[in-house]
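Below, each structure is written out as structure tokens.
Shared chain: chain A. Partners: chain B in the first complex, chain C in the second.
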Partner chain A sequence: MVKKMDNFLPLIVVFPLIMSIIFSYIYKSKIVRILTFLMALILVVLPFFGTYGTYFFGDHAIALGSTSLTSGIAYVLNPAKNVMVFTLMLIGSLILISATGEKKLNGIFTSLMLMGLASVSAIIMAEDIFNLYVFYEIATITQAGLVIASGTENAYKAAFRYLLIGTMAGSLLLLGIALLLSATGTLNIEDMRNFLANNSATPAIYGGLLMLIIGLGYGGGLPPFHTIKADMYSRARPFVASMLQTYSKFVLIALMIVILKLFGGLPYFNITRGVLIALSIGGMVFGTVMALLQNDYKKLLAYHTISQGGYVAAGLAIGTPLGIVAGIFHGINHAIYKSALFLGAHIVSKAKSSNMAKLGGLLPFMPFVAFMILCAKLATIGIPPLNGFQSKLLLIDAAMKANIPELAIIMILVSIGTFVYMMKAFYLIFLKPCSEEQIEEYKNIKISKYSVFSLAILTVLCILLGIYPDIVVDRIYPFAKDIGINWALNK
Partner chain B sequence: MGVLSSNREIAVSLSFILFGSVIFYSIYSIDVVEGINALYTSTYIIPNYVTAVLFDWRGFDTLGECFILINSVLVAGMVFGKGLFNRGFLKELYRDKKTCEDMDLGFTPIIKVLAIPMSIVLMLLGIVVILGGHITPGGGFQGGSLIAAAYVLAIISFGIRKCPINFSHKFLETLESFGALTFLILGLLGMAISGYYLFNVGEIYGMNPFPSPLSIAQNGSLNVGIIPYLNMAVGLKVLAGLSTITTLLISERIIFKNIKD
Partner chain C sequence: MIISKVGIFMKYDEFKREMEKEGTGDSMSVGAGLTGEIILYGSLVMVMFLLSRVFSEVLLAIVGISIIGIGISTMPLIFKFKEENSNQMNIQLFWISIFVGVLSVALYLAK
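This part shows the complex of A and B:
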């Protein structure tokens, strides 16, 4: 019964896992650097291995007989998910390329990166809520490991705190999944959605929803978990932080999609939606206020990540098709320009300090890098023709059309705050006059070509998506229409 | 300060009570729907239905759970200095220590005499539990933990240097990688034969992958597919992973070795 292999979707998850085992085994070897580079190239083509549709692991498809439920684990790949997985893998690949320029690159780091990429792409594609939980845990531990890799005392502390809270949040998420399983009798998201739509809600379902939201807050860095996330980003190496924030952005999107898919359109979703919007506004405002107070560039970027996570969550929480498109598109854009900013911080940190008061006058020494960082900054603020503008426009449009103008106003205000601190940081690092000694010091800076290459690709993507947003939006729209809810005023 | 901390305690206990009662209320009012479990409990694959769910119906979850363990071991190794970008913090911590101290709790000869036979018996039991995972209660996770527990027992009673049962760090690493790779590649085998990852391959070119004696056949079916091999892979991985964490926690030698190079 040999059947032709036609769908290589599992390889998107399994191939990085196999390589991660190999990398962790040969971690001291000299070929790690070359293999890492090769792996970075393979990662870019990996998302195209899967064909669109549902994939059933172990051939356990929809069971025949009395029940018409899916019996095994299902993964779904559609154009929207494919774009997300591709963005994730592309950023992972660029970070690996810039890591090859590091002096102390080792197999353990590459191995953890690959495990994180595999698990987050599994979280995006999983149509099975328990499988999602398993990979969520892997992603959590991976992120802690990547922070520890920088080896400073503060990194140890941040990672330990993250894992400590993670034990609680992870267990609560598992409990929520158990409650949902007991109440609906299935783990498959599509089946669960059908069950919830056709049966009245029980307290167990409410409990499950609450735990899912806690898991979402922890995985995506929404309040009240935002401080530990910000701590993680600022303590990790900047180029590692760019990967960490990409992971949590996509975990946030994936879990929001799960919540929308399961509960969107149900009568009690109204309150949930309010809670989610409140959480995301909290993230936006806290992030911006904290970022305005920072003197350290890395910390500023860390809090900025939290505030942008709030935007993504707000877009998805609105729940209309337009809101979902805006949320996912902003998530993708954010992953791109924020990675560029962190990579820029990585290059700047070669000047021995990330304290902005001690920097200044770097512009003549790295004009090209400064230009690219400026592009990324303008993108985060939302200035045309860069990608941040397109997605923020969509977000505000979605908020207005869902009749929540307050949200749109807060988004614009937060954008102004972002403008203030981003330009402040740019001035302090690149334009501020500096002393003669500093200029002497700057002359010794060696900029890694690999990092500049990665930064350049990300900047090109920022401009490209700013001019042609349809490349992404058109792919997300059918998916968003499928899971979105149409709110009417008189409802 | 006192007012602040007491306010904080009140807030914490209030939220604890509120949240706890929410959890208890939702657990108390569970009304279990049978759903897909009806299929799991009525379809015969192997005599041990739990293993059937773990390795056949939901094999990919088990793969993920293995990777949680692998990942934790990797990160635990990193905490002890393996593969860090910068070891300055660890060097600072261990600057004043000249020699590494190994834990020896100084147990009496009674414990030392009893520990070794006991741990050998436990290890054998672990092997039986792994190999019989598909027909009797047990499986890779349980058996692997038994073997690791036996190893921990031996190490605790003798101290790591004098312990008669001694696995080297490299050996454990190899074992773990081998176990994990076996699991992943058996999944690929299913993909090559049926087109589905982790397909429970019943026959490879007309051959039963795991021939079993006739006397244990139930319902006239003997074919257990690749489940025993998956059990062995998980067993190897779990025993190596847990033992690695133990050796890391019990000895400072790893840190000294990592700081040096």
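This part shows the complex of A and C:
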């Protein structure tokens, strides 16, 4: 294992963390807006500071006794993780740019955003499972903080519920890590993987796997934790929700990768694979059905996020190289088009309501925004040539190649549901005839140029990745080949 | 509200009336609700097929799909489903406990 720190990779985590502390001290200052904008620009270049490989903080690793096992905070950066970190930072940057157009911007908000970005980057890159847990907890607290920053009573309740369940899920995840440590003698994921591959399973290892799945469900918003996550997204301000769902998606991917890396090739993982596929089906179906029943646009988008999380989990749960590529690619695509949809909802919410029954006729007042929202909606449904089409095609292909056509059919069924509620929302918000009073109200709407700029960048990305998916897929495939196993249901 | 009044044997002609009571009785919302119902039952059928293949039990598929067929003809599932997916803490904790229990049994069987 390489034990060098010959580049600035730790800065991806450390720099936003330090700036987060600084922003929390200058939260009332007039320069917050300018500094937030500068931070947004720096975030985009930050992922390019690291070069690929394994790195130990402090340029050292501790050898444990006579074994070759190592301890210490380690990060791994490879092309796949770099794409994920870049997507995360880009979305974070665009949300911060949008936030600079808000009247009530303060340093605490920027501080929480940066802390979340640092935490989720660390979760993606962590090669040390305890380090992963620490940042998992920080990400949880950050998300609750961002929801509380919305300032409504319902937001407080949602954040409190999220933290309450998080106390349980986080504790169980820590217990799982402790069980795995006791069974394998290491916290390093690569060393743990080698140990598990060469030794028979013990109850402690089964227990550790169980707790990891509970942590995964909570962090990624899979059933039965989906209602808590959906409540969080719908109570936060829409542009904040776009960041929350991005955090959740990358936490889901990162934890799934850890589980696959540790257990993916082991014979006793087959039943767990079935459980993970069942959870992903649950996420897809529950999210879509609940979204179909919503009249509030924010709630509709919140449940849609759960549904798309199910797709991501399904690809990764299949566990073949193609499935992993499809899962990660869909996660990246989802983070992009869903951020666009939430930003669109943020602009629409300037019309004083997110209740679709009270909206309508907005198209003439914001045609360009409506077009971009429509692009994002078509991407999420899976219409070519947008990015959602490419990743959904890969997902269905992965399910068919694993000989699970039932899963492919469920994915298509859920896409039909997605089409119905997305088009319903578009009609009710933009096309439905509205009263003269509403038209007068709409004339006073002031759309933030910053939000429109961020929305435009995300829309361009939806189209770009739809036409050139290889930009991302080629970077993920070698990593997926390393951790995936080729299998098919032979029944 | 509407959920408490929904009986097990509610007919589909009552479906619209139930949605109207919730203030979502327009054709678009009713259509979306029925789409949800179809997705819910359709997914159950697919899951039943998948399970019957995994456990090599054709009977499981036949009996399971028959039960689902009886269900779809007499009992809209969606109102009950909405209740179980609510934000009530007691319901959430119930399903989390069920989830942990099922997961434990699944991993025990992996031995």
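Note that in this section the second predicted complex is superposed on the first by the 476 of 491 C-alpha atoms of A that agree within 3 Å, B and C clash if a C-alpha of one lies under 4 Å from a C-alpha of the other, contacts with A are read in each partner's own complex, and residues count from 1 in each chain.
Following the convention adopted for this analysis, contacts are C-beta pairs under 8 Å (C-beta built on N, C-alpha and C of every residue); 3 or more make two chains touch, one makes a residue touch a chain.
Remember, predicted model here, so these are calculated numbers, not experimental data.
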For this session: Answer with first, second, both or neither: which of chain B and chain C does A:416 touch in the superposed model?
Result: second
For this session: Check whether A:213 is in contact with chain B, with chain C, with both or with neither, and answer first, second, both or neither.
Result: second
For this session: Check whether A:285 is in contact with chain B, with chain C, with both or with neither, and answer first, second, both or neither.
Result: second
For this session: Check the residue A:165 against both partner chains and state whether it touches chain B (first), chain C (second), both, or neither.
Result: second
For this session: Mind working out whether A:137 is in touch with chain B, chain C, both or neither, as first, second, both or neither?
Result: first
For this session: Tell me which partner A:385 touches in the superposition: chain B (first), chain C (second), both or neither.
Result: neither
Exercise. Does chain B (first) or chain C (second) touch A:72, or do both, or does neither?
Worked result: first
Seminar exercise, completed: Larger residue footprint on chain A, choosing between chain B and chain C, goes to B
Exercise. Same chain A residues contacting chain B and chain C, which ones?
Worked result: 206, 210
Problem set entry | Of chain B, residues touching chain A in the complex | 22-23, 25-40, 56-61, 64-65, 67-68, 70-72, 74-75, 77-79, 82-90, 173-174, 177, 180-181, 184-185, 187-188, 190-200
For this session: Report the residues of chain A in contact with chain B in the complex, numbered from low to high.
Result: 1-7, 10, 14, 17-18, 21-22, 24-25, 27, 55-60, 63, 65-67, 69-73, 102, 104, 106-109, 111-112, 115, 119, 122, 130-131, 134-135, 137-138, 141-142, 144-145, 148-153, 156, 175, 179, 182-188, 191, 195, 202-204, 206-208, 210, 237
Seminar exercise, completed: chain A contacts chain C in the complex at 158, 161, 164-165, 168, 201, 206, 209-210, 213-214, 217, 223-228, 231, 268-272, 274-275, 278, 281, 285-286, 288-290, 292-293, 295, 357, 404, 406-407, 409-410, 413-414, 416-417, 420-421, 424, 427-428, 489, 491
Exercise. Touching chain A in the complex: which residues of chain C?
Worked result: 23-24, 28-29, 31-33, 35-36, 38-40, 42-43, 46-47, 49-50, 53-54, 56, 78, 81-82, 85-87, 89, 92, 95-96, 98-100, 103-104, 106-111
